[in-house]
């Protein structure tokens, strides 16, 4: 099936395998007139690039993005924006021994079950490297949303048992530590924990949080295309995510109505605002004007260096010991992926909202 | 925007407001030849009907479903199946006083922000009553999936702080208690807790779990149309859901790779099976042959009888005390809604999977 | 597959069979705030109703449309508009003898080939009666487009060899003659021709033309979603249509470039206009500000009273003589269907166009 | 809007401008296991390449296609197939003078009306060069359909007033003459006519016909997703097409029912067949087992060398004389484009048809 597209109006289609010639994305439906060049995209790719810290693989993938279409004289033209990153070092040989075996926690077995065979080189299409294309597209979405004052703040909320503390939250700290945690002390403890996991040939999970400000109220739809529903799909479509939360998330299951409801009041500028934000900025599927708060929980890196019991394609059991270079934690490199996917869901909802009322359409066409 | 449809091949479109003339659903793309009549649908509607227990509103909505098209001589014809439930008692007057005021925890404010006005009668389109149409469609999906040996077991996992215990799990118990909990003792404690919340004019949240068995491996797609991504969207599109979990869910954030990975082994029948199911039956976006395990966490009923601070459409603050009949907990009536939405996501993925390989297509057309 | 929906933003889903309980349509994505009630819809249904003239079947189907949702206090709310027409006289018995036999020119054989069986009553889902649902939805589209000054003029251009003459074109005449021809003398000759065909137990084809004015330039897209491509799909999706033309249509195949090109000039109001309109108002897939001109060519009514050679479902050959009441020409009743489908394609393109430029979006959200 | 994709299951997305860095296409949803490499694609591109004959522009664009993803060890993997052609000679300077002026018959004006500006180099996204990406994708569709015995025969039916004669139809002749006409004598007369048009600094239109054999009965859907409706969209989405016909096409408007109906009979192998094929292989929106017959009528090349009256972006009138290299006829190079688009519509319908019946699905999953 055609499963590599996301979005209705601002729609992206990603392509490419971990060890193929290239990976890329086509953005179809980006409005005309957005100033855009590669320097808008590259910093986002750099945030997910391996080799950035001691906790990510030291492969020196350069991941230089190239825009091939849809931009003319420095601005988007309204036509598809095709972007591509060539794979520099394809090193298929490293992965040859895994061609016949189903790695625990990976898509090897399910891929074979569906298609009968697979591009086994580095996970092929199911590699985390596929997210590179999402991030390139997300960078465009973030830039476009920025034109309307919509901003994203995305960071690591927890790694293993170490969670940032609300009273130490320091936005400036996010880009200062390799774990993208807005709490220096938590970041240091998390770093120690990751080092220990690596020594034990194990890995660890965690949680990424994103806070979106500046979104007007009323964005999203009331039934299946709820803003939170599309954000949940966007985040759950990232490999390794096993839970998605909006606002108070799983905690609401233990709360009372009087604690979970957000009252309304008038602010000093005569606008309706909420007195709290347990709902995470979305009510009835539509944005409510407060910050949108999302969390994606990531499982630990499945490629660990401990021996694991598994089977081969030929139906033989074996003890597998994975070699090579694998991050002991997915979370820090996934921060920008979460931001990209959230931005893609938001931009589509913002554009779809323009046709909500006859008055709005009339104003648009008459002015 | 057009936001009332779900699914690509087996696609449903719901319509109707809480206090309009009727609510209904059109299923487009149901395969021909499925035996179907109203008796397949009605039991599902009865599971979500109010007035079933002391914990649900005593309104005697009959909710009789009628099939208007798509079935001929007792079987589906492949054409759209239109189903409808007339609203018997529309009692708009009960809700008149809420027309001007934004209830905390409801979609009143966001609806007005988007559309400028709203059908305020009983929540209009944003009423929980909309799920009736989803459940009718879900009943057809469940029946169709049953033809292929795919089964759903759905129940209340927790209410407030009371969670079912694994060692007391009793499938038979689910339909015996009004809370649909598979653990009699937990159900009794939860009932007490709900009674207490009601006395306090408050409400409580909880969690619904569904376990899907019989799904072959390889269903779902690898990138944006991951089976878990679509299940997450399906569940998050239910009003009041604030978190969705697959398998170990939020717990994976605290786990190590060696604990979270599911090893493979060969079973006695020579099939590849997993030794554990932390992944909840989905790997790399595709089913892995183990049971699919999903959880949706629901917030407490927002309509509580305590005074709440809010504002009117006319921008005046007020203390609101909601009257009328409202369940102190959403969860029990939502059990069948979760099952319906999960079934709708699964059936679409099952049908979409048929075109995965040239060999499969050739076998289909040549036999 | 799900094949009963049309449109992306303003999306309709039709359902129902000729002799089922009812037929209907759900419009999802109609903007909020459009004044609407049944009196906006009924006149459109009346235009396609049989029994209007000596040339249409004298069945007295009343076809009363009912709006079940999506309208509150006289205005659309932005939620799905469900409309339904109950089938009064289902008379299945009339059609019983055709259950086993494949009528030439009908979908009986192809329906059985696809689904293995069919609702044979009056053509089931493939009946012309399905267009009733399209017309109800089209009436809403026409009303919405009217708010923006976009108007449709639709009429019979030809019946058999009789074509309206440009120099006798009289818009007022369209609703005065039962054939909806804007040329009284042509209408009289066509009426004679139809009478003769009926006497000969035969039928005749023809052509419907629609002219759309008031559409701003730039509506539509440049590649697959060209405005003319979607109009062609819309019209070709009407049963019995075998050709679709835009502007000069098939004649352009014999023209020279110097004759077919439309030059540009400035009009007295300082606007860019075309000096001719061979293109029929669409260039490069987008409207050019001139009237959009479309034609749909209809085959003759396939139900004729002459004996025809055919086969049964049981694979036996036979001479079939169809009985009952069938119009000797489809065209007059199809006029409003063409208008409805064109309006549905246009309204979707108009709404989709709102996200074309960053400037337009900014103006929308900042004002 | 996102308008560069075609298809639901087998979905293509094209990108690129005439004078940008490259053009390409992503095929998403191609089944796994199809043997594929560049040599399957290149011959199709060569059929539409300019410089092939005296009637096409002598530009030596090489148009070498490269497959970047979705193929592993010589077979498709089920993941997106990305293909790209770099633009060798971008020569923007040739087109500089047209940047400010609206060429008659082109999309210059409508593009500016929609987006406010355009990539004016060689028509940008609206260039005929965009069809290169469609043809590359179509080559994959044709190859896939060939696995199931579905074949395409596509040729020039007419150029100006010169039409092939049925009794001189010679399939072998198609590839022997530069006009792709299956009638040598007609091809010679058409060649003379084109030479004359060129001398007169004018151009000429024509018609392309495609005949599709081997398609089983029942492919397509009954309402909006009729096979002919999607084929009409596919063909009308090709720039310069102004009419689409199925079977007898526009002629049915003048026919009687007894002449237009196709009777059924049993053939010697006990299969239901039609005695004639006026319907062009499609009845009620579904294939009927006879050859599918389609025609697309093309307008003359709009770039002619005669002076034409037009206006500039700055709203000044002028006499424009186009220079450069332009074919005096579009038709011969469009033959392969028509085949590609028809194949894309057919392959999608074939795949969508697999979920039509419960029996078919059961057979698929149980075998």
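Couple of notes before you dig in:
Labels for the chains are A, B, C and D, by order of writing; each one numbers its residues from 1.
The definition used in the following text is that a residue touches a chain if its C-beta (ideal position, glycine included) is under 8 Å from a C-beta of that chain, and two chains touch if they have at least 3 such contacts.
Quick caveat: nothing in here was measured; it's all calculated off a predicted structure.
Path length between chain B and chain D in the chain contact graph, taken as the least number of steps between touching chains: 1.
Each chain gets a centre from the mean of its Cα atoms; the one farthest from the centre of chain B is D. Comparing chain pairs A-C and C-D by the number of C-beta pairs in contact, the larger count belongs to C-D. As a whole-number value, the distance joining the C-alpha centres of chain C and chain D reads 26 Å.
With centres set at the average Cα position, the gap from chain A to chain D is 38 Å.
With centres set at the average Cα position, the gap from chain A to chain C is 45 Å. In chain D, 1, 3-5, 8-10, 14, 29, 32-33, 78-79, 114-116, 125, 216, 222, 352, 355-357, 359 are the positions where the chain touches two or more neighbouring chains simultaneously. The touching residues of chain C, when paired with chain A in their complex, are 8-10, 29, 31-34, 76, 78-79, 144, 147-148, 216, 222, 350-352, 354-365, 367. Across the complex, chain A meets chain B through its residues 1, 3-6, 8, 14, 102, 104-107, 109-111, 113-116, 125-126, 130, 158, 160-161, 197, 200, 202-207, 216-226, 228-237, 239, 242-250, 252-266, 270, 272, 275, 279-280, 282-289, 297-304, 306, 308-311, 315-317, 352-353, 355-357, 359. Within the complex, the chain B residues that touch chain C are 1-5, 7-11, 13-17, 20-24, 26, 28-29, 32-33, 66, 68-70, 72, 75, 77-82, 84, 114-119, 124-125.
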